[in-house]
Structures are given as C-alpha cells and as structure tokens.
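First, the structure itself, so that you have it in front of you.
Naming follows writing order (A, B, C, D, E and F), and every chain is counted from residue 1.
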Amino acid sequence: MNENPLSETIWTDLAVGVPAILGALCFLTAMVAVNRVRDALGRTNTMSVATGLGMVFFILAAFAHVTVEHGFTWVNLGEVLIAIFATFFVVTIASMTIARAVFMSDTPLDPDTDTRDLDE
Amino acid sequence: MSTLLAWLLGAALVIMALSLVGTALRIVFDRDDETRIVLADIVYFSALALFALFMMWRESVVALDVMMIGSLIGILSTVALARLISRGRR
Amino acid sequence: MIGRIARVPAVSLWLLLQILKSTRDVARASLTPGRVGPPVIVRYPLMGTTDLQATMLSWAITVTPSTLVIGIGDREIYVHCVLGGDHDELIAGFKDMERRLLSVLSSKDSPERSRSREEGSEQ
Amino acid sequence: MTLLLSIGASALATTLAWPLTRLLGRAAGWPLALLYLAGFVALLPEASTVFGGGAGTTATISWVPARGWEAVFVGEPIGVFFALLALGIGVIVLIYSTAYLDKKIPAEAGTVPAHSALPPGTELAKAPGYAFYQLITAFTLGMLLLVLTDSLAVLYVGWEITSLASFALILSSGRPAFAAAMRTLAATFAGGLALLAGIAITWFYTGTDRISDALQSSVWGDNVPVATLVAVLVAVAAFSKSAQWPFHYWLPGAMAAATPVSAYLHAAAVVKAGIFLAMRFSPAFSDLDVWQTLLISVGLGTAIMAALFALQKFDLKQLMAYSTVSQLGWIIAAIGVGTDAALAAAALHTLAHALFKSGLFMLVGVVDHAMHTRDIRDLRKIAHRVRAMPIAFTATLVGAAGMAGIPPLLGFVSKESMLAAFASLDDGALRWIVLAAATLGAIGTFAYCARIIFGAFIDTDPAARATDKASHASHVSPVMLWSAAIPAIAGLPMVAWMSPLDSFLDAFSSAAIPRSDPHSHLALWHGANLELGITILVIGVGAVLAWWRRPIERALTGDLLPFDGAGIAEASTRELRRAGAAIAYLTNSDSPDRHLMPLLGSACGLGILAVFASGGLDQAIPLHPGLNRTSDGILLGAIAVAVVGLCTVTSRIGSVVLLSAVGISITVQMFSLGAPDVGITQLMVEAITVIIFMLVLRKLPPNFQPPSPTRRTAGIILALIVGAAGTIGTLLLTSRRERSEIGTYLFENSEPITGGHNVVNVILVEFRALDTFGELAVLGVAGIAILAVLASLRSEYLDPDVDFPDMPPEFQRRSSPHVQRVFADARRNTVPLRLAARFTVPVLLVVAAILFWRGHNAPGGGFIAALVASSAIALVYLSKSTAQVVSPPGRAPVVIGAGIGVAGLTGIAGYLWGTFLEPDHWDIAGVHLSSALIFDVGVSLAVLGVVLVAINVLGTDLMKRASQTDNEEVKAQ
Amino acid sequence: MTNIGALLPLFAGVPIIASAAAVLIPFSAIRRVLAFAVPAASLIGAFALLLHLRGEAAVAINIGSFVPGVSIPLVSDTFSALMLTLCALVTVLGVWLSDATGDIRRNRYFTALTLLLLGGVNGAMLTGDLFNLFVWVEVMLLPSYALLAMTGTKRRISAGRLFVIVNLVTSTLLLAAVGFVYGVAGTVNLSALAGAAREDGRLAFALGLVLVALCIKAGATPVHGWLPQTYPHTSPGVMALFAGLHTKVALYAVIRVWTVAFDLDPSWGWLLLAVALATTLTGSIASSSGSRVRSVIAWQMVAGVGVILASLAVGSTQSGIEGAPQLAAPLVTASLTATIVYMIHHMITVGGLISAFGVMEHHYGTVRVSGQNSLHGMWWRERSLAIVAVVLVASLIGLPLTSGLIGKFEVVRAGAEAGGWTGLIMLAVVCLGWFFGLIAMIRLWRRVMWDRGASSGSAPEHEDEDADDDEDEYTDVETESAPAPEKKIAGIAKGPAVVFAGLSIAMFFGYQPLAETVDSAVSGLIDTRGYVQSVLGSDAVEGHSLIRPLGGGDGPIELFGGDASFDGERETSK
Amino acid sequence: MILAFTIGILLAGASYLIVQRDMIRIVFGVTLLSHAVNLLLLVTGVGAWRGEPIAGHTSPADAADPLPQAFVLTAIVISMAVTIYMCALAVIGHNDDTTTVPETGEAK
C-alpha cells in the first residue's frame, strides 16, 4: 500500500466534498425527474443524469479521497479511468438496451408524445 | 476528518438517502415493471454512491476496486433486466 | 490521423458541455412546476456508415440527459427527447453532434465526412 | 443337560423339517415325532427330580455376554410340566399329521385352487405345504424356549416365536385365513408388548434378568404400585395368548388352520403359553388383590361368555375353539385364586384339558375326513354316523364327558378341585359370586359338550333317517383315528392311577406358591361336599339343557353381543388408518408452506422456551458499546422499504428489482461492516444471480398468483414472529462478548504463518481450507445437478414449446411496419452492446486475473476472481444478438470436474509435505508461491463451471436440442 | 505415519476426487466401477479404523496442522467409526440396488453425485467443527437434491422442489445456529465447547437451535412431513441411500452435540423426549395409511427416528442429577446404547425394506399399495424375495431372530433404567409405536404380498380404502405401462435386500461383537475427554468454558487449557 | 443494535415469502433468508470493530473478526449454488406453482 498522504487543506476537503455533493445532487435530480416524467421511456431517459453523470462525480470524489489519504498511484488512476469509462460509456449503452426493450413492450407512452416519425 | 468535509459528506449522504428512499418507494408503489427496471439501475448506482460516501468515513482498501468493479458489472444487471422486459427477446 | 486525435479534447469538452447544459435543462424542467415535455420521438438519418460511428453517436445522444436512442436501424436511429422541442431543431442538433463526432471518427476523405460537410453547408 | 438335549431335539426337528418334508412328504411326521419323543424322554429324568421335590438343573448358553443376556435354562416344575405337554402332545399331533395331510404336499401353501371357492369357515388347509412341519416344529421350539428358560430375554424371544409360528401356521392355510392370521398376530403382538413392558419393569426394579431371582425379589411385596403394574401387564399378556376377554376373538378365527395345528394350538402351545405365564409369575403376584380380581373376573366371565358362544356354533371346530376359551377361563380363574390347592387344580385341569382337547380336535378332523363336513347342520343330514364311526364316537364321548366334568374322568377330578379352590376363598360374598359364576360356566360346559356328542354323531334330521349315507363315509386311516382317540380317552385310565400326580402337583404348587406347604390328595370321592353338590346340580340342569338343545340353538341365533372382537379389531384398525391418513394429510402437500411453517415455528418455539422457561438467558451481560453506525440506519431504511415491497408486489419483474435492491443494500452493509471480500463477492453474486433470474423469469408467467387471504394472514403472522425472534435472538446472543480469541489469533498470525495479509482469504484457503473444499464441491455439483436433473426430462416438458409471442400489440400499434422492422433487428440494435462488451470483457478478465493473484494479500482470491470472470462470460452471452452457448457443449462439466479434482488433488498433495490440505510455501525466483494458489485454481474452475452450465442450460435451447437430436456429444452438456 | 488421524480426511477427500473423476470420465463402465469401488474402499477403511480404535479413545487431525482450536479438526472415535462403516455399507448396497434398477446406467452423473454424497456423509461424521459440519451437510445435500429429482416417479420434480426448499431452509437455520454459537462462545470447535451448554444458558439456546435444525433434518415432529412426502418419489436405490445416510447423519450429529456440548443436560432432556415420542406416534400412526409402498416405509423411518431420539432423550430425563455421567451411569449407558443400536438396526432394516419392495416396484412397474395397477401378489410370484421382505418386516416390528428384537431390548432397557413416569411413558409410547407399525405392516403385507389383484377372479378386498390415492405410477423406462412381466426378478437384483436381511439376522445371533463395539462407542460418548483431548491436545481441560462475557475482568482465560502452542507458531504433528 | 432489526426485517420478509405458492417467490425468500443469516454471521464478530481485517493495514484494536467473514463467504457461495439449482427446478415445465405438479416426462 502506497502511504503518501497529502496534507489536508480546505482544497483537499473541497476536492472530495464538492464532487460528492454534486453527485448526490445528480441523483436527487434524477429521482425527481423520474417522478415527474410520465412514461417509462422518459424515466429511462432522465435517469442517465444519475447513472452517467452522478456516478462519475462520486468516482472522482472517491479518487480524490483516496489520493488525499494515501497519495497518488497510477494503479488508482487506472482503476478510476476504468470506472469512469464503465459508467459513462458502458452503462449508457446499457440504458439504450433498456430503452429499446421499453419501447418494444406494451408499456403505453406518454399520450402527448410526438410520434409522427414512427408513422412513416 | 475536517469539519468542512464532514459537513459536505454529511449533506451528500442526506441527499443520497433521500433520493434512495424516494426511488425505492417509487419501485414499491409503481405498478409499472418497465419503470421499476429503470429505477433498479438508479438504486444500484445509489448503493455504489453510498458505498463511496461511507468509505470516505471509514478506510477501505477496496474503495476504488469496488467503484471499478461495480461500474463494470453494472451493465450486467441492466441488460438482464432489459431482457426481462422483452421476455428474452434480444 | 493526428488531426483527428487532436480534435478529441475539443469534441470531448463540447460533449461535456452539452451534458451539463442538458442536465441543467432536465433539472430545471423537473424542479419547477409545469409539465415536463411533452416528449418527442425523432427519426434521425445517420450520416455515418460504420458500426462504431453509429454506436458513438447513439452513445453521445444517450449520455446527454433528456435525449435517448431507443433503436438503431441501418441508416437511421430513433431518439426519444423527453423535454420535447422542435422536430427540426432537434434533428439539427443531432446533426451537429454527429458532425463533430465524425470529425474524430472518420478520415477527412471518407464519404460520411464529405456528406456531413455537404449537409452542414446546406444549413 | 437334559434340558438342552430336549431343546436340542426340538431344534433338530426344526432344522430337519424342511429337508425331511421334501424327502418323505407327509411321512416326515414320523421321524419328527421320534425326535419329539426323544426330547420327551430326555426330559423325564429332570421331571422325576423336580416333581419329586428336588432342585432342577441349570444350563447356560452364552448369547450376549456384554449385556448379560444368556440363554439360561432351568428345570423347574411348571416349566418342565409344560415342556412335557408340548412334546407329548406334539408327538401325537405329528403322528396324526402323517395321515391327515394330503399325500402329495404342494410346493406352496394355499395354492390349491379349490380353496378360494370354499365357503367361509371351511377348513382350508389339508395341504398346508412344505412349511407345515417347519412351522409346527418352530412352534414347539419357541414353546420350549419359553417354558424352560430362566432368562427374561429368552422368555420374550420364545413368547414371540410362538406368536409368529402360530400366525404363520394360520396364514399358510390360504387366502381367506388371512384376516384371522392377522388378528392373531395383532392380538398376540399386543400382548407381547405388554409382556415386554412388564419384563422391562421387572428388570429394572429387581435388577436381574433371571426369572427365578426376579420372582423372589422383595419388590413385589414392598412396592405395590410397581407390582400392580407388572401384574396387570403380565395378565394382559397372558390373556392375549390364552384368548381371554377381550382377546378372545382371535382363537376361533384361527380355526382356518389345519386340524393338527388347531389341536396343537389349543392343547399344548399358544394358548397354554398364557397359562404358563400366569402360573410362572404367580409367586410374585398371588398376594395382590388386583391379580386375583383380574384373573378371577376375566377368567370366569370369559368362561361363561365362551360357553354361550359355543352353544351357538355349528362348525364343530369353532365350537371346540370356544370351548377352549371357556376352559382356559376356568384355569385362569383358578390361578387367580392363588392358593396352593388352586394352583394344583389349575395344573391338573391344564393337563386334563390338553389331553381331551387335543383328542377332541383331532377327532373332529376324523369326522371331517370321514363325512367331508364338520358342520352340525350338514352332519344331521347323514344318518347312522355312530355306526360308521364307532371308535371315534366312543373316544369323543369320553373326551367330551371329561370336559363336562362327569365322573370318573380326570376332567371331573380337576373340575372338582377347581370348585374346591373357589369355595376356599376367604371373602364370603366373593366366594358365593365366584361359585355361582363357576356353576353357570359348568352348566354351559355340560350343555355344549352334549351338543358336540349329539351334533357330531347322534342327531339326525327326520328326512335323513331313512337314508344310509354313512355307509359312504370315507376310510379314515387307523393312525389318524387312534392318535386322535388315545389322548381323548387318556383321562379315563389316569383316574385310576392318580397318586403319582399328587407329588407332581405338590411340587408344582410349591413352585407357584413358594410359601406354601401343599399336600395334594387327588381322589374321585371326597365325601359329600359343596363341590359334589354343584356337580350334581350341573349335571341335572345340564341334562335339561342338553335335552332342549334345539330350542336353545334357535334362541341363541344371531349376535349375542352387540359387537364382536373381530369387529372391534377391524374398527380400531380402520380408525387407526383414518388417524394415520389425517396425520399424513397435514403434511401431504408438495407445497413447502405446510412444512416450513412448523419448521420456523419450532425454531421460534425453542426461542420462546429458552427465554421464558429456562431463565437461562443471562441478560445481565450488556451489549458491547459502539455497535451502531449511521450507515446501518440508512441501509435499514432502504432494506425495510425494499423487503416490504418485495412481499407485496405481484409482478415478478418488480420483485426481481426489489430483490436486487435488497441485495445491493446488503452488499453495502457488508462493506460497512469491514468485510471487503464478502462485499465484493456479494456484489458479484448479485450480478450473476440477476442474470439467472432473468433467464428463468422470462419463461414464467409475468405475475405471481395472488395469495389467498389465509395464506397472506398466516404469512404475516409468521413473518412477525420470525422477525421478532430473529431480532431478539440477535440482540441476546451476539455482541455481548469481547473479541473471540480465535479471531484475534487469526488476525495476528496470518501473516507470520502464511505470509498472507488478507486474513479472510488466508482463512479460506489455508486455515479453513477444508470448508472451502466442501464449498467448491457444493458449487461445482450444483452445475452437475442441473445437468443431471434436466437430462432426465423430456424436452417438451422441460421447456414446452409456447409460441413465441408476437411483438407486443401496443408496440405494433404505435409503429409503422418499417419502424417495427428496425426495432426488431436484433443484430443491428445490439451493435453498441457488443462494442461495449468488446472493451469490457478484456478489462474484466484482467481484473479477474489481478484479483486472483493478489487474493492472499488484498481482497480477492479464487472465488472473487472467478465470479468476475463469470461476469465477463455472462456479458458475452448477453451482448450476442442470438442466444448462443458460451462454451462448447460438454465443456462445462469438464471445468467443474477439473475444479473439484484440482482442489482435491492439492489436498492429497499435502501429504507430500505434511497432511491433507496442508499448505506449503515456496519462493520461486523471488515470487512467493503457495500451494493454496493451486487450490484456489480449483475453486475458480468450479465457479466458472457452474456459471457456464447455468447460462448454457437456462439461457439457450441446448438441452432441448440435446434431447431432440439424441446427440450424445450435445447431451453430455 | 505416526498419527493415523492424518488419514481421516481421505474418507471425504477420496470420494470427492473420485466424484470429480466420474464427472470427467466418459466411459460408463469405469464410472460404474468407481460407483462400487469407492464406497467399498470407504467400507474397508472405516472398518480398519474401527479395529484401530479398539486401542484408542479417538484419533484426530487438525487440518493443515494449524494450532488446535483454530484448525478444523477431523476426529473419529468408535462411534463415528461405527457410523462410517455402516454408512459405507449402506452406500455399497444402495449403489448395488441403483445398479440393479438401472439408475447408474441411465444417468450420466449418477456415480458422481453418489460419490459426492458419500464424501459429504463421511465428512459430516468426522468433523469436530460445527461450521464445517454445516459445509459437509451441504456437500451431502446438493447431490441429493439432484438424485431425488432425477430418478423416480413423475412427481419427483415437485418432490424435488419441496426437498430442496425444506432442506435449504433447515440448513440456513443450522447456519444461523452455528452463528449464534460463535456469537456467544467465540468458537465453533465442538471440542472446545465440551460441556459448555450446561454452563451457559445462552449457549444452550444457540446449541439447542443447532439441535433443532439437526432434528428437522432427521425428520422429527413437527417437521417430519417432508420426508414421507419426498423420499418415496425417488428411485428405490436413491431412497435406500437417503434412508441410510441422511437422517442418520443428522442423528449422529444430534448425538454428538448432545453428548459433547450439552453433556446430556437433564434440564433439556424432557423437551427432546417429548419431541421424540410425538415423532414415534406420528410416524407409526401415519404409516398405517399411505398409498405408496415406500411412503409406508418412509413413515416408518419417521417412527424409527422417534424411537432413536427417545432413547437418547430418556438418558437425560432424571432431574436433580448432578454430573450425570457419574450418577446416572447405568441410565446414560443404557440410553446411549439403545440409541446407537436402534439406529444401526433401523439403518439395516429400512434399507432392506426399501431394497426388497423397491426391486418389486421397479420390476412390476408400480408403486401403489392398492387399487388398480397396484403392486400385489408378491408372495405368490416372488417367493424368495417375499420371504426376505418378511424377515425385514419382522425386523422392523422387532420380532425375534432379527436385529429388531435386539433394538427393542436395548430401547426397553433404556426405558426401564429411566424408571418412574418418564420411563413408563416412554415405554408405553414406544410400544404403541411398534404395535401401530405392526398394523401398518399387516396392511402392506396383505396388499403387496397376499392380494392377487383383480386377476384372481375375486374382487380385491377392502376396495373402500385409499380412495384418495393420487395417480402416479412408477414410470420406469423399461417397464412403463407394461403389464406384469413374465420374467421374474433377477437374482442379482435381490442381492441388497438379501444382504440387509442377512445383516439383520446376523445382528440377532452375533450381537456380542457389535455390543462390545457399541459399549466402547458409548463410553467414548459419556467420557468425552478422549474426544476432546485428541483434538485439543492432552492438556485440554474438559468442559472448560470459553465464554468470556464483557466486564469479566479476571484476565484472559486460557483458551485450550494453557496449550503453549497458542502463541503463534504452527504446531507440527510430524 | 440497528443490525438486529435489519436481520429481523430480512427474516420477516423471508418467512412471508417462503410460505407463498410460487417457487420463485420462495427462492426470493430463501435469498432474503441467506442475506439475514450472512448479516447475522458478520454480526457475531461484534459490530463494534469494523476495520477491514488486512494485516498491516488495520490495527488489531480496530480490525473486524475475520473468521465470521470467512464463514459468510462460504455461505454466500453455497447459497448461490443452491439458488441456481432451484431456479433450474422452478422453470421446468414453465410452471413454478408448488401447489401443482409440473408436467414432466422422463428422458428417453
């Protein structure tokens, strides 16, 4: 274990705390949005605020925290990059899979949805 | 841990707890399976986020490991649940 | 080639900006009273031809809150836009996005890049 | 020694019975009779000693020295008397059988076709098969063991052998005898259990297995409750064997058996075993009121009841059977009186009864042989029977007269003695009641004896008188006739020669009543006394009844009692079956709730007991401080919401989602408890299980069946109880101690001993590798189990072909055909997914490799690595545009087998440097290697194998194709 | 090798490795050989161990040669060696039966599953660690889940589901109980827990929960129903295996925990006795119903478990006894003797009954006791096998010349030693149980052996019964929907039943050597010092409490009687 | 102790679910049950110490008891194995109602 902690300053606190708060706010936004929109497709759409963006913030916060506590290592950076890649890219693609499945299901769409492109 | 960080993390924790419970309630009371599956993703990542927050209080040697593995395999349950909606159709 | 790689930061930054903007839009729409939406489903004809190009565009659209790719056809994708908006504006937005991506994903002389240039100049 | 010789002769007879029968057919009875005779003779010296008042010999055969169970045999008057009876009557019965049985013995008993057509009550088994001699000799052997032993254990063995043998003998008469045989078995088995209990209590309170010692114990006098209990148990056993009320019903039913069997049963063996038991235990109980009351009341009651039954019967064998029941009632009552004179009288009557009853039974056989019927109503249609069977008539007359107690026969003497015994009772009122009952019984006896004579030989219907049917009587072999007649008329000469009996009876009664000093003096004439008066009364009234036999017969038609024993037995069996069905019904369901409710209930019940009944839970020990964290509370909330939701949703998909929510919360909780390995494992397991659930749920209905209100209520109540119990249990039984020393030890010594820093992983692969070994076997075999079970099903059942549903109507409604085509194109639409997988899978595999390698020092190891690799496999499966197997058919079991094998062989390899599963550590080129690493490879393979199986089998149509194509290669999957 | 205990792991290890081999080997002939050879080897090994233990109280190995108390110990005394021997024997015969009825031939993985089952059983019989016991029980159960669901009647899948669920929940209960034990005592090493349940009420509760779980696995009332509900639906061979192994492993563990940890605690004996007697009555009464031949036998298994548990419990029912082993020695001895002997008798007898009737069922293609298409007329058609069955039936109800009488005597001796109302009630109930068993056997006898069915011309008797029979035939592959075959049962198929019956008779006449062995087993159970010391070393103090409550400030308690090896260095047994 | 209530709630939910009709519900119940027991096992290590038991990383005074964690790991994997097997049983005949017998046949 690389033990090379940074000295804790207000900046390190902010480096950890602010992404955490932002991430949490993303989750909150997603939760509210998910409750506001009227169909499953809309919810799939808005949730990526949390799963994509919110998670990235938390990963950054965690990385900052570990770096502050134990110092920077390349291994940690690699892990963080993989994690960001996974949430930002892979999970987003997965939500397309859900979206298609939802659209192809019997779930009614929001009746106000403009679907004229589907009629062609 | 400094007071500022404690406050920040505490606030984040409260917000997360709120959104987690809100999502969970929605899953319970929504009759709509498709919505539930969408929300399952949020719950999953909320849990990872909570883990991240907790580990900032208490040391964990696996903090980043878990964030990484958790993100990597997040796709599994998402796709699996999507397949549930389509009853296996790809 | 080097030029394409050099464009990566710019495109990424632009995309990040789009994401943040759109996050703000979603937050505003859902945290303020009034209806969210109404949603619109848009058929967007692809300029790109390869799987990678289609995938990357779909990803970029999806990762942006409020837009979501729900189906991929041979030369088209279907996008769900939860916040609604004008049909043609949305198409134009996606076109802009695809053009930026193609500037990274395909060589200058590839047919899709030239088509994207043509379509861009039409506007 | 003579005892053993005698038993040996009988045992030899049992052994030789089968080969002799095969060799000689029915003539096998002759050599067997000779063996019996030898046994009888061998016993005579012993008899002369003990009947002369001397001490008998003792012989011991070792059986189970460790338990002190030895086959001890002792020469003792009561036993020797009964042994002589069994052997003596046995000789006669065997000789009789040589003529009675069919010449050609069929290979199988009861297979003679004609039997099934015979009306009930007809004698079935003149051809009892090879088993006949076998069983009847076993019967004798059992009887000899019973009466000659001094060991309680052997007593019981002998007792049960006689039960079994009589059951088998009756059963071998053929199918209609079945019910009777079973009643016999049930009654005697019940009695046997009473005896066993009695023996057990005797054993405990007297501390000895020896009957002679036990009987002399002071317990019987000192501890009245125990003595009473044992007395009742022994009496019940005796009643069951001697067919006393309420067990009287089995004996007449047993008449389906062959005549020699009946004769033997009634005269010398089974029923006499009960008499023997009562006499043998008499020394212990003769002073007990309950013994006296029970024996006298049941004995005389049975005597009167059975006499009435006898008056009612037309089948001569049935009549004889009830007469036996009634005579045994007398003997039992006499034993109950308990004086030396009474015991002597009982013994004398036992002897007399053995003689006349065996003779009478065999004579009935003779009549049956000659007239081809033994039903009085049929016999009446045959004229001139006396003329046809003069010897049989004479012998029957003598025998019946003996039974009726007419002077100057032995039966008269014994009956007088018994009456004298009754008259000697102290209690005035009791004395007169007993005497009155005895008189009634005697009158009945006289009447049915007359009925035997008149019914068998004399009464002839007017219509039949003119005919001369008797001339058509079959020839009866002289062997049969004389062997039947001799015991019947033996009572006559014996009266003239009674003085030797005196000493026998003295010896006998002093054995039965130890503190007495008996002086028996048998005589025909004891002067004009009460007994003589009763006899005269009996003969007078009896003669009148005999005269009125036809009207009485008519009057007694129908059921005398509102119920009969057989009916009661049948009804109780039916009720037992009903109770059994009710008990079985309680759990007769494949639905687990019926089984799980009591399961959880009993676990909680124990908790309640532990808390309230024992007071053993010491709540003074406080909870450890500092147990709570904020995270616990947040997760509790999340888990609570999800669990409640999980219980209430009816949608399967919804419940999977909620289950995942619980799972992921638990995972976080595990991390927060400082268990990183556990947490990562749980995270991976969650991911894999969700996929499995998906594979399964897509084939099941979309919604659960709504529970019935009852089920819901029961479930809620159960949930509340179990939840509360779990909470209380956790609060009481955990977190109230300091660190466990083992935990501390492991934490401090993992690194010094194994070089590993990750204590949990070190425990898994080194300290508790045996657990892990078992666990990986479990895991691997789960895959094998799935394959094995599914391979045993036909595909149409395994995975019924339901029409793959069309695109959902709502989707079709909102989409143009073109749009539908675009969305339905799986290949095109899974492109991004495949692209993502192409990046993710290698990353996951690298991560897996790293986790595997670092396991000893940081969270990771074989399980986690394999689970991560499995998730890569699952991702490959999920991202394909069609459902394809993720490994070649037949590969997954190989992976599993290899995994278990590698781990196991690593264990064996431990013997190279130590013992099984002992780890060894090497430094190779500066890299620390441990044999545990190889073990971990096995672990990983097992995990991978089971995931491969699950995905291949549940996620594709592999099994279906296998069973459709019969392709062995595919089938191997 | 100086320590014979080092070989103990092979009892579990070799069958498991052989199981892996059976998965890998593509040649059915070799798999078949393995199926016989491994249990036979286990039998030989166990017997050798039994002989070896005549000179020693117990042998043990601390797996991995770590510090005693930290390692998982495998330990064998006469009792476990005896059980190992019997289990291996039952496995050999069960495999034989399975081979005769085609299970092995038809199912690719039968051998692998059976060997793993054996490995689990052996492990469970040897382990001296409660958590490890849980693991072995799982090792035993998982193949069983498959064996049950892959052979037998059409209802086997349904039965298989029930079996899995009940056993899984029970296992989880066991696991929770083991957890509680650790929560209270800080160890799950049985030797370290010697006598501990008597000293601490909370530990008594935790270990009591262990016993509850084990009793459920044994089929004790009120959680008995799963057994007769599931066992009859599998094939005869598998049922013979289950009957001989599963409940007996559970009973073995009950006895072990009861003697070592509870030290036969009188304050709980009455509860165990009540459960046991209820089980006896339930099983024996219910066995008089039952529409399948083997469900009657399964109910008899329940009854037998009741008798075994009652024998065990009655040894602990004399209240007011301080230090039971010393004061109530005759009672405790009689009780444990009865427990073990009746268990042995029951394994043999029930195994034999299943073998005899199972072969008939298989050959004649029906499992039903009555009605159309029932199993009937066996006495007339299969005389030799029927005679064997009769011997076994006699054995079941305790008639002479069979092991049944020996078992009966021992049980009665235990009841008699207990004396008083307890002994009386126990004797009365057990006797009743035997009587009801007789009634049940009479019915079985009449239906299966005696009735000639409709073909004999007369209508079958007692047609009114069993109206509630459910339709399920024994759909065996070869005999499916075939009329009674002309060919009679092959001699080789009768083998297991004959051997079981022979064993039963041998146990009657040759009880002496067995009695000596059992006596030695019992003395090992009463005086657990040998067991404890073989695991924890000769310094271990018997019944030393491990519980260190909070605030008990009297210094650290020496864990293993001051064993010096506790300070870090791995103890080497070499 | 909060965790006791978590365990209690899990047990309650498990008990409710395992007495339902559908095999899958029962499987879910069993899953909850094993969650409960796994938590219980961890709690037996006394939740006051929650340091990750990595030698050299966590101080002995703070480290959680590693033995229960090893127990839980074993238990988790076993219950995963059984869960997979139960799922296979549940899906046979596309009928997981435990109150009816699934239509099944035997291999040829």
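As a working rule, a residue touches a chain if its C-beta (ideal position, glycine included) is under 8 Å from a C-beta of that chain, and two chains touch if they have at least 3 such contacts.
Treat the numbers as computed from the prediction; the structure is a model and nothing was measured.
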Contacts common to chain E and chain F (chain labels): D
Touch graph components, with chain B removed from consideration: one piece
Chain pair, A-B or D-F, that carries the greater number of C-beta contacts: D-F
Chain located farthest away, centre of chain A as origin (C-alpha): D
Chain located farthest away, centre of chain E as origin (C-alpha): C
Chain centroid nearest the full-protein CA centroid: E
Length of the line joining the C-alpha centres of chain B and chain F, rounded to whole Å: 21
Chain B-chain E separation of Cα centroids, rounded to whole Å: 47
Euclidean distance of C-alpha centroids - chain C vs chain D, Å: 81
Gap in Å, rounded to a whole number, between the CA centres of chain D and chain B: 60
Interface hub residues of chain C, defined as touching at least two other chains: 55, 58-59, 70-71, 78
Of all residues in chain B, the ones touching two or more other chains: 13, 20, 37, 39, 48, 55, 58-62, 65, 68, 70, 72, 75, 79, 81, 83, 85, 89
Per-residue overlap in chain A, given as positions that touch at least 2 other chains: 1, 32, 35, 44, 82, 86, 89-90, 93-97, 100, 102-105, 107, 109, 115, 118, 120
Listing of all chain pairs that touch each other, if any do: A-B, A-C, A-D, B-D, B-F, C-D, D-E, D-F, E-F
Residue ranges of chain F in contact with chain D within the complex: 1-22, 24-26, 28, 31-32, 35-36, 38-40, 42-58, 60, 63-74, 76-78, 80-85, 87-99, 101-108
Interfacial residue positions of chain D with respect to chain C in the complex: 819, 822-823, 825, 828-829, 831-832, 835
Chain C to chain D touching residues, read off their complex: 51-52, 54-55, 58-59, 70-74, 76, 78
In the complex, chain F residues that touch chain E: 18, 23, 26, 30, 33-34, 36-37, 40-41, 43-44, 67-68, 71, 74-75, 78-79, 81-82, 85-86, 89-90, 92-93, 98, 100-102, 104-108
Chain E - residues contacting chain F, complex: 106, 131, 135, 138, 142, 145-146, 149, 154-158, 160-162, 164-165, 168-169, 172, 175-176, 178-180, 182-183, 475, 477
